[in-house]
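Shared between the two complexes below is subunit A, which pairs with subunit B and subunit C, respectively.
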Partner chain A sequence: MVLLTFSKKSFFHFIQPSHLYIATLAFLAVTFLMVLALYTYLYIQKRRFFRNKLMTQALDDCIGALLIERTQDDLEKNVTPQLLKYLKKPISRQLAIDQLINTRKNISGEAINNVIWLYNYLNLKEDSLKKFQSNVWYKKARGIYELYMMNQRDMLLKIFKRTNSQNEYIRMEAQIAIIGFSGFEGLVFLNTLTYSLTEWHQIKLLEQLSTFNQVHLEKLPKWLQSSNKSVVMFALKLADVYQQIFVHDEVTECLKDENEKIRLQAIKTLSRIAVDNTPQILQDQYDNEEYATKLEILRQLAIIGSEEDIPFLLEKLNESDDNLKLEATRAIMKCSSNGEEIVEKKIENDNIPVSILKQVKYEQVR
Partner chain B sequence: MVKILLVEDNILIQKTVQLKLKKEGFEVICCNDGKDGLEKLSSELPDVVLTDMMLPYVSGLEIVSAVKTIKEKEIKVIVFSTMGQENIIEEAFKLGADDYVTKPFSLTELTIRIRKQLK
Partner chain C sequence: MNFSDIVFDILTYGIFLYSVVLLLFYVFIGLYSIGETNNYLHRNIFTDYRLLAASIHIPSVSILAPAYNEGATIIENVKSLLSLYYNNLEVVIINDGSKDDSLQKLIDRYELEKVDYHVQYKIPTKEIKGIYKSKSPIYRKLVVVDKVNGGKADALNVGINVSSNDYIVCIDVDCILEQDAILKMIKPFLEETDARIIATGGVIRIANSCEIVDGRLIKVHLPGNYWARMQSLEYIRAFILGRMAWARLNGLLLISGAFGAFDKRIVIKCGGYNHNTVGEDMELVVRMRRYMEEMKLPYKVAYIPDPLCWTEAPESTKILGRQRNRWTRGTIETLKLHKIMFFNPKYRLLGMLSYPYWLFFEMLAPLIEFFGFIIFVLMTFFGIIEWSLFVSLLAFIISFGYMYSAFAALMEVTSYNMYRRKTDMAKLLLTALTEPFFFHPFGVWAAIKGYIDLIRKKKSWGEMTRTGFGTTQTKS
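== the complex of A and B ==
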């Protein structure tokens, strides 16, 4: 209370009525400056927006016309002075690169050669190279992307060196670019990769590979024995997707790997590249496995198994876990034409819940 | 002259396809969104409709369905799709689409497909 009285007193001791005018003036000045700054900012943004719009229109007209031309003279005729004027500013040059990439993503065939011709003719490669040489990771990654999208094959070796970059994004962009340039041969970067390939990255690489004609993956055995576990995982997926039967033995070796995810993928891959003894290999593996992997073995036996696997699968109906019983029942029903009778008999003899069979029958009807 | 209605929100693609088709001797009417596309469809009654699947305001599927309700003339529909849109393409065919092209597509291929539909 004493402190409050004292502060009120001292406050009003220093503040005079004349100070109110000064404060009002200062407040007005600050408000005016803020409005002015806001107005200037909006004006600049508006100008930039309209300039970009004009630039985009000019570029769209130019690219649109270029894509349907066939001769060099016709191509040059369509590069207007207005477009060249716009392209003096870096921001407009970036817009031009973005539009060319947009075209590349949507149009294919002969027209793409014209897009690349325009990129080179307008010297936009210099801008991409500047980004590629930058020390800032996102600029470098963007530079790689632009060079690859504009098919600058002379940069292949330099980009290849970045496939083992310590930055995840640069590495990923470089690997995608190398595959874009060289297809399956580009996978050679897996030989020297020391960093991990994330799940997302593996999906992107497989997607990129899907646009190329498949070749014999002769380095696959080497990748399946790599010390980099993510390379082994990716190699297993390659063997699976492209059904590389010749690596059956190497994939079988992966079942000994201490990493459960690798063993799980190896089981799926073995099922895709199955030979006569594959079901027996999976059966031998069963007892050494964890729960999720056991389930996967039973699922894959449902696909590749035969009558010969029925005794093994019947044993699994005595497992304590209901999910294992369920998977084993599904597998029996698929492996044998009279699977239902076999399961019914087992249920009667071994006192197994009949609901397991009912569930599988319901799934089949559905 | 064969009249084509092109509904595509990517202006660059729209212009490119328009120029190519004009060069091939077609009359091309362009729309940037689905709403405009539906309006032009009933007012212009084109011979062929080329439509993207992902459009502002009204989807490509709605355009396909609207085309097939027109009784005045038989209008062919070719849809543009992107990789991984198989389920949308399937839906478009159920609604009556006649053909499709997947982006990135070749302009020559598109012209061939249009001509095939016109036969």
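== the complex of A and C ==
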């Protein structure tokens, strides 16, 4: 802070000590109120902590018993009056929902149904529904999250309507929920999606899908031609992860896309669903590409290439960029049984750093 | 009105206007940061990082950690980095010509062997003496680079050249990172839509007095040492209020060198870290932003309010003074290098707000304060000071400082509440009461020494002796 020193009389017309003292008092009063708020908050948090601890313990005991129960009567007898008493406060109910969700994440099989039964029995769904109906985005998103984590399938249609919500977080939770309810069939929202799917979102969807058995993704060709670039990107990843060979032609078309990230992913996907002419397609693409995509082509040729690709790869040893030379060397060594000799011969004739070959040889030994 | 009256009026009203604008900025920053922090908390409250950290779909990341004479703690530091929770990770330790046994310790502990490795010098650096990898597959993530001493910026540039991934996280090797730190830092890059995320900054917290076992933070305590405790408050104010507000405006100029994530392609296009400044962390962010502005590419620099990185703060005035001296020189050098942006509408918010703010209220503030103090002494000597106004102004400014510190403490408690012992918050607030009389004047004096050193063309970082988390280490 700047320490001001003044003696000018004229200045007093505007700022007088009394004004500054009033402001000082105001600042000190606000400071006092903030400190008061701080300690009140800490006190409330502390009280809440102890109350929550008791409630958590009661709920833990109940969940522990529920996980081994079979019949409706057995389930009900584990819900103690004490637990019901704790759950009268909204904050405790939220904590209970969070605890049930955490439990659900860590268990599998029939026990999940008992956790969901408890959620319904304690009427916690009402709390989730209130959030879902809220106009505040983060409450709505959280409501969706809770409803799908607690497998409230009757909400499927209502949640589906939010898969193209203007708010990205509501949209994301709704899409994950639909996948959670319906697996691969839930991907139907991609048909009408007008907003972007971020990379983060795509990773979450792929993780969610990984829990379901793979199916034939018949809508993939349509998604690969979507006007929504993020849908194309996600479809490319789906084709890659689930090796959907039947979309080879559509993926090849994606190499013409102006978006570099799409072309990059298309190269990776083509490698995973490669057919006989895929290496040639990648070679033809090479000269039109930018640096990162060129590198990717060479990396993928190392996986799917053969002796036939050696002349092309040898040419790439003359690239000015060392990383391209390195990837080309790696590819040659993978594609040919006498790759080392081929590269050594090239090094003798051309100006190629020998350290590149040494590095690749080390990698192969490792 | 004679000439001296005119000069006096300009000084009086000029400094008054400067102070009013500065205080208004503080109020704006404080209030504006609330929305950003709350928004972040709401967005991430039920994100399951545990599930995603193990995903094969997350992008690969290289951590770059330069080390100079870190022999005392290097093994624990590397162990801590290798245990981070992230699937596709490469840990690059750059031994910047250490004079101690850092390298030998690493070789012995992690079963390292010198490997054939071709380095393309996309950014010119000093010579690499050797690259080491572990014979054991357990440490396959680890790459150790031994190089000729060239300073932190040069070491980081070597790391950029050697790293094999698209995203780099630059850290101080002795920092303690939270287990999910990398995933949280990379998330903004994955959430980008129209604007490219070029860098993400993370909050740095003070680890002095905290319980650290095996390179992991076990329990948080408020520092026992006065200077470190004062820095805890200062860091809360700077990170939770200042940088969050600037991030919301997309006007952030500084990502701490102790912990920042970058898009490597943009870093390379900009030429990497500048080794001719001691403020290489700020300079890189400014240069990257300038590059994006000049290319007319939409971009954003993101900030994460989670306490993800814990570092040891200087506990003595000697070391603290050197640090602040260096920060001042770094700020001046950076702003001088990019003076073309000053009030230049071509650079939009960067030129019209961020740069002028840093120039007037970060770079010039200590100079103006020091000048004010000299005037005060002279006026007192000549008996021309109006004491009633002086005392009221002093009370005004000190009470404003208290209010701002109380607000920062309130934000800390209502967001992350890291200091949970009963007495911690009281201690922190009591420490704040002393700030205008000890810590702040000390900071101004250290900054003035920074100006003097800059005029003398001093380029060194200054010895940074660290106590270490239970051990002793020396860094320069």
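The rule is simple: the second predicted complex is superposed on the first by the 307 of 366 C-alpha atoms of A that agree within 3 Å, B and C clash if a C-alpha of one lies under 4 Å from a C-alpha of the other, contacts with A are read in each partner's own complex, and residues count from 1 in each chain.
Note that in this section contacts are C-beta pairs under 8 Å (C-beta built on N, C-alpha and C of every residue); 3 or more make two chains touch, one makes a residue touch a chain.
Since this is a predicted model, take the numbers as computed values, not measurements.
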Could you say whether A:106 touches subunit B, subunit C, both of them, or neither, answering first, second, both or neither? first
First (subunit B), second (subunit C), both or neither: which does A:68 touch? first
Tell me which partner A:192 touches in the superposition: subunit B (first), subunit C (second), both or neither. neither
With the two complexes superposed on chain A, say which partner A:24 touches: subunit B (first), subunit C (second), both, or neither. second
With both complexes superposed on chain A, which partner does A:60 reach: first (subunit B), second (subunit C), both or neither? first
Touching A:364 in the superposition: subunit B (first), subunit C (second), both, neither? neither
Partner with the higher number of touched subunit A residues, subunit C or subunit B: C
Those residues of subunit A which subunit B touches in one complex and subunit C touches in the other: 105
For a test of understanding, state which residues of subunit B touch subunit A in their complex under the given definition. 10-13, 15-16, 18-20, 23, 103-109
Going by the contact rule at the top, pick out the subunit A residues touching subunit C in the complex. 1-8, 10-12, 15-18, 20-21, 23-24, 27-28, 30-31, 34-35, 37-39, 41-42, 45, 105, 137-138, 142, 145, 169, 196, 198-204, 206-207, 237, 292, 321-323, 326, 353, 355-356, 358-359, 361-362, 366
So in the complex, which bits of subunit C are touching subunit A? 8-9, 12-13, 15-16, 18-19, 22, 42-43, 45-46, 48, 51-52, 55, 57-59, 115-118, 120, 133, 187, 189-193, 265, 365, 368-369, 372-373, 375-376, 379, 384-386, 388-403, 406-407, 409-410, 413-414, 417, 425, 429, 436, 440
Could you pull out which subunit A residues touch subunit B in their complex? 56, 59-61, 63-65, 67-68, 99, 102-111
